[in-house]
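The structure's right below; bear with me while I get my questions together.
We just call them A, B, C and D in the order they show up, numbering each chain from 1.
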Amino acid sequence: MDRKFGEFGGQYVPETLMEALLDIEKAFLKYSKEPEFKSELKELYENVANRPSKLYYASEMTKDLGGAKIYLKREDLNHTGSHKINNVLGQMLLAKKMGKKKIICETGAGQHGVATATIAALFKMECHVFMGKEDVERQALNVFRMELLGAKVTSVDSGTGTLKDAVNEAFRQWTREVDDTYYLMGSVVGPHPYPVMVRDFQKIIGEEVREQILLTEGRLPDTIIACVGGGSNAIGIFHDFIKDEQVSLIGVEAAGQGIETDFHAATISKGSTGIFHGMKSKFLQDEYGKIMPVYSMSAGLDYPGIGPEHAYLYSIGRASYFPVTDEEAIVAFEYLSRMEGIIPAIESAHAIYYAMHLAKKMDKDKIIVVNLSGRGDKDVYQVAKFKGVEINEQ
Amino acid sequence: MDRKFGEFGGQYVPETLMEALLDIEKAFLKYSKEPEFKSELKELYENVANRPSKLYYASEMTKDLGGAKIYLKREDLNHTGSHKINNVLGQMLLAKKMGKKKIICETGAGQHGVATATIAALFKMECHVFMGKEDVERQALNVFRMELLGAKVTSVDSGTGTLKDAVNEAFRQWTREVDDTYYLMGSVVGPHPYPVMVRDFQKIIGEEVREQILLTEGRLPDTIIACVGGGSNAIGIFHDFIKDEQVSLIGVEAAGQGIETDFHAATISKGSTGIFHGMKSKFLQDEYGKIMPVYSMSAGLDYPGIGPEHAYLYSIGRASYFPVTDEEAIVAFEYLSRMEGIIPAIESAHAIYYAMHLAKKMDKDKIIVVNLSGRGDKDVYQVAKFKGVEINEQ
Amino acid sequence: MNNRIDLKFKKLNELNKKALITFVTAGDPNLETSYKVIEKMIAEGIDILEIGIPFSDPLAEGPTIEKASYRALESNTTTDDVFTLVKKIRKDYELPILLMLYVNLIYKYGIDKFMAKCGEAGVDGLIIPDLPIEEVQELKSNAANKNIYIINLVAPTTKDDRLLMIAKESEGFIYCVSSLGVTGERKEITTDLSDFYNRLRGITNLPLALGFGLSNKTQIDGLKGEWNGFIVGSAIVNIIAQYGIDSPSYVGEFIRSLKD
Amino acid sequence: MNNRIDLKFKKLNELNKKALITFVTAGDPNLETSYKVIEKMIAEGIDILEIGIPFSDPLAEGPTIEKASYRALESNTTTDDVFTLVKKIRKDYELPILLMLYVNLIYKYGIDKFMAKCGEAGVDGLIIPDLPIEEVQELKSNAANKNIYIINLVAPTTKDDRLLMIAKESEGFIYCVSSLGVTGERKEITTDLSDFYNRLRGITNLPLALGFGLSNKTQIDGLKGEWNGFIVGSAIVNIIAQYGIDSPSYVGEFIRSLKD
């Protein structure tokens, strides 16, 4: 099994974890080919995740923008409210096959933590979630959801108290109990085999899109757009189309307060190649290789790296990546709410904004598919606060 | 068109509203029979509401309880998170056909308000939601969701500041602007034709259940359980089975702090026949006919009446109704979260509790279907608070 | 034809006068004050008295009468108390007395028993804001047995064919709602009232009394149309809200201003 | 065979002594203090010096060394500063010097340039906690060109076939991690260390140094097995955390206690 995507990827972790990674790789290779595993996963996708997710024609948005036809891939309608559950189901099933009883994971926006806590509850696994202190604060709803589901949530206050630090701490915890614990990584990041494995469990998104768009439009879309934190929802929707060169693939990064400021998380736009969190990829780092503090109002995109497969697709020119700021994301957040009656996750709103911008410039006979990676219930407080609205929960 | 269910129902409203009600009835009769309306509604059910909703086999719960097989009808996976959207789509389509541009509605838990605001945004209608002051406080998340969707939310502080008062105020507002405004009632309550119309727009739930259970089990369920506020999710799942006498139909009312206290909303258990909110039905009232203040921690069940069709089904013995307390509902809320990884609406948790209780006493070859009317994200703060957990949104 | 309402309108018609119908919520802020307010109003020459029975959810009322209802409930005023009040008035006065109440108060009390009590106390008519003609039959025969009229309302939204139906069912007079919305004073009535009057008069010979939003003499005098009576409610309730147990003399003064 | 590490272990072996390898984070709390701490340690007779280059995200470290890293970054310590520090030590001392650092610091600096600087400054080996043998090739030849060893780590979780692979790739000595988890003092080491030692010794003749969680003489003396060296880190860093710029003498005292 290929450990790298071009020069990117690899397995840069402490020796303590290597046997565990090799075990996971072996198990993944074995089970993911077995018909039984495949049919169990299919069943879980359907009955637990609520797949297939709809491909929704955004008629009002299309009409309003006056350009390309816009379709939304409705991962927000999955159980637990985002694409994260696809990957969690795949890895949890694998962990179960491997005989594991304890799961640890990191979470940014809390969506991966909620999905993991949910499926851990269903699979009767112990679950321990690491979450940056700042994210614990801006995503309090998700913290309580996880606790309700029986997970232990540890608030990480080292470093910047965000996703990157949650990953650090989860790795540290994993080295302590690596014999009986499965680390359930939430995006296409980390050491091999995670980027491959998470991609394989998320590629269902793009496979469904192909089938759905062929059914309704009789042809492939011209452009696919997804937001990129670690990059799992983006790879999930891109993967099946990588071979179709005529389909343009666009990732949208968080530009926070602007990529000309020090407050953004625009890894491709402003980062450089480095090695971190077990992988060689693109990172926001200083001249000495110190990882930079990053910023985005969106907890799920507030990460200084990007999955190695994205770094690769970028390096070979197969995918493009563009930055969208907090303010632009909020515009899109409100726009989609008012226009289609869909409140998107603030992460997904980044992708929506780019689609708003692009659609106008495209002909009416063109087709854009945007991955609506999650729903925005978790974000309404934060957006309200951002806009200066007082909300008092009593 | 029958205006009554046995002695229940009718049209007890100010004369100012009568022409409007007659217009709605006429329009409903006309359009609901037209193939075009039917196919448009079907399309909306599928593409907007995300129907059909899954019928989920709760294997862990079934195993744990050791009795009847339990299936959950997953209305929580609908767009906006509850069954309310089915009815909203039907009525909004009707309002559009009638040429209306303004929508008003009441809301309790906020789910009907969110659904209405959502579809009003999609249909480009003005939307004005009335919500009791107390509900505005306990469901702050939903208030901001509605505002984000472009709706105006009016907090009603007359009376008890809950659902009943929101209905009063919505009626008052309707009489002020009845010429151009459509009142989009959120449950199978109010004057004719609402109880019939809302039921017809919700009966899709039961129709799907029939098809789904025949497919998986090859037979009808033995028992169907749903919570009852006004009664729309219950009627929605019951309706298609009323003719099948062997299927037992059970509604679960909110017993708040206990039906032996003054703090409950158990209309059937403790109410008597009366006339209120435009209908003859069962109400919690004193000896003189004054409507009693009611209580439930669940904003969606905190209502002193019940739809007239339920009063009728009860009177003829076709459906039974049982009370479940706040504390029991919280037990079920946590139980389902931990057991199946599904956080139910606190309303739906009432039905889950009754199913937990009943399943144990039934043979393993029996089948229970519970209507999981909504998801519980909106309730986690309140449950946390109820349990004394400190949550600080920052 | 021996209902006091008919007699009153007949007499006013002979005198070529219009009926002044005034409203008070029983028990606001207590029953004694209500009695005194009523005595004052009668002394100032009102023609018909309308007494409201308080209800928990008066959904056809604006904030003024809604709050009066809550105040009366605060003072524990029950339907039985209102019968006692009516009896006490009837001892001394012969003017028509109407009860304004929500249908559930009758239904829960027991229709039969309620009508019997009305007859006993000397009630002449009932105004039930949440009872359109579609639902009136359930009460009609019981009321008729006790010679009690159920006064129907019509609204500017009511179309001609429906006006006809309502008129056919009506007795005593027709309560004509001046404008959309709930009870309460209005700065301006935007309904075309002369058209409304003409539509009604084309259909029925019954007396037509106009209500909702009337609050002073200039406004009443300014109204076009040959209305047979005017109903004043919120303006009086506002005075009671302001002056409480001291309100009787202020209400009296106000009634005088309407008659002048 | 002219790497200082090999020479050192050869000499210790002849004397039948075990190597004491001690760790300090460069720049914690500033470079001057680090230099003084190092001088003291050398004066007290340590065998090999391990200098940590601070990193923003030291994910193999426990809180003790993690915080030292943050303190060093606070004082703006860069990789170049560390080379200067090494050069300054190398002027006066011949003991082997190892750098402990995360792979990105090398990668981003430029592998070639980094190794050249190491060679220039007199670095003998690199300990890279996030570089398993699967990824070591990228650095190996550049390091070898400058006669710099990359010290591999093995963990209790490493199985025999993998130990063999690692041993084959190794040079200088093997850093044997005493227990699961990150760096930091441990009350008790639960790994079966004699088994661990025997497994290793069955596979390789290289010196075996044990690290992670070692903090005092009793503990070290009590360890079974014929380990060739011991690495002490967090215990020293804790002293520096406590005494800051006054720490050199306390560290000296501590080293003495280990040698006694």
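As a convention for this text, a residue touches a chain if its C-beta (ideal position, glycine included) is under 8 Å from a C-beta of that chain, and two chains touch if they have at least 3 such contacts.
These numbers come from a predicted model, not from an experiment.
The mean-CA centres of chain A and chain C are about 66 angstrom from one another, to the nearest whole unit. Chain D has its Cα centroid 96 Å from the Cα centroid of chain C.
In this assembly, the C-alpha centroid of chain B lies 37 Å from the C-alpha centroid of chain C. Multi-chain contact residues of chain B, defined as those touching 2 or more other chains: none present.
None of the residues of chain D touches two or more other chains. Viewed as a network of touching protein chains, the structure reduces to a simple linear path.
Every pair of chains in contact is given here: A-B, A-D, B-C.
On chain B, the positions that touch chain A within their shared complex are 46-48, 50, 54, 56-57, 60, 74, 77, 79, 81, 117-122, 124, 137-138, 140-141, 144-145, 148-150, 334, 337-343, 377, 380-381, 383-384, 389, 391-394.
Residues 3, 10-20, 158-159, 164-165, 167-168, 171-172, 175-179, 272-278, 280, 283, 285, 287-292 of chain A are the ones that touch chain D when the two sit in their complex.
Of all residues in chain D, those touching chain A in their complex are 55-57, 59-63, 66, 73, 78-79, 102-109, 129-132, 134-135, 152-159, 162, 166, 177, 180-182.
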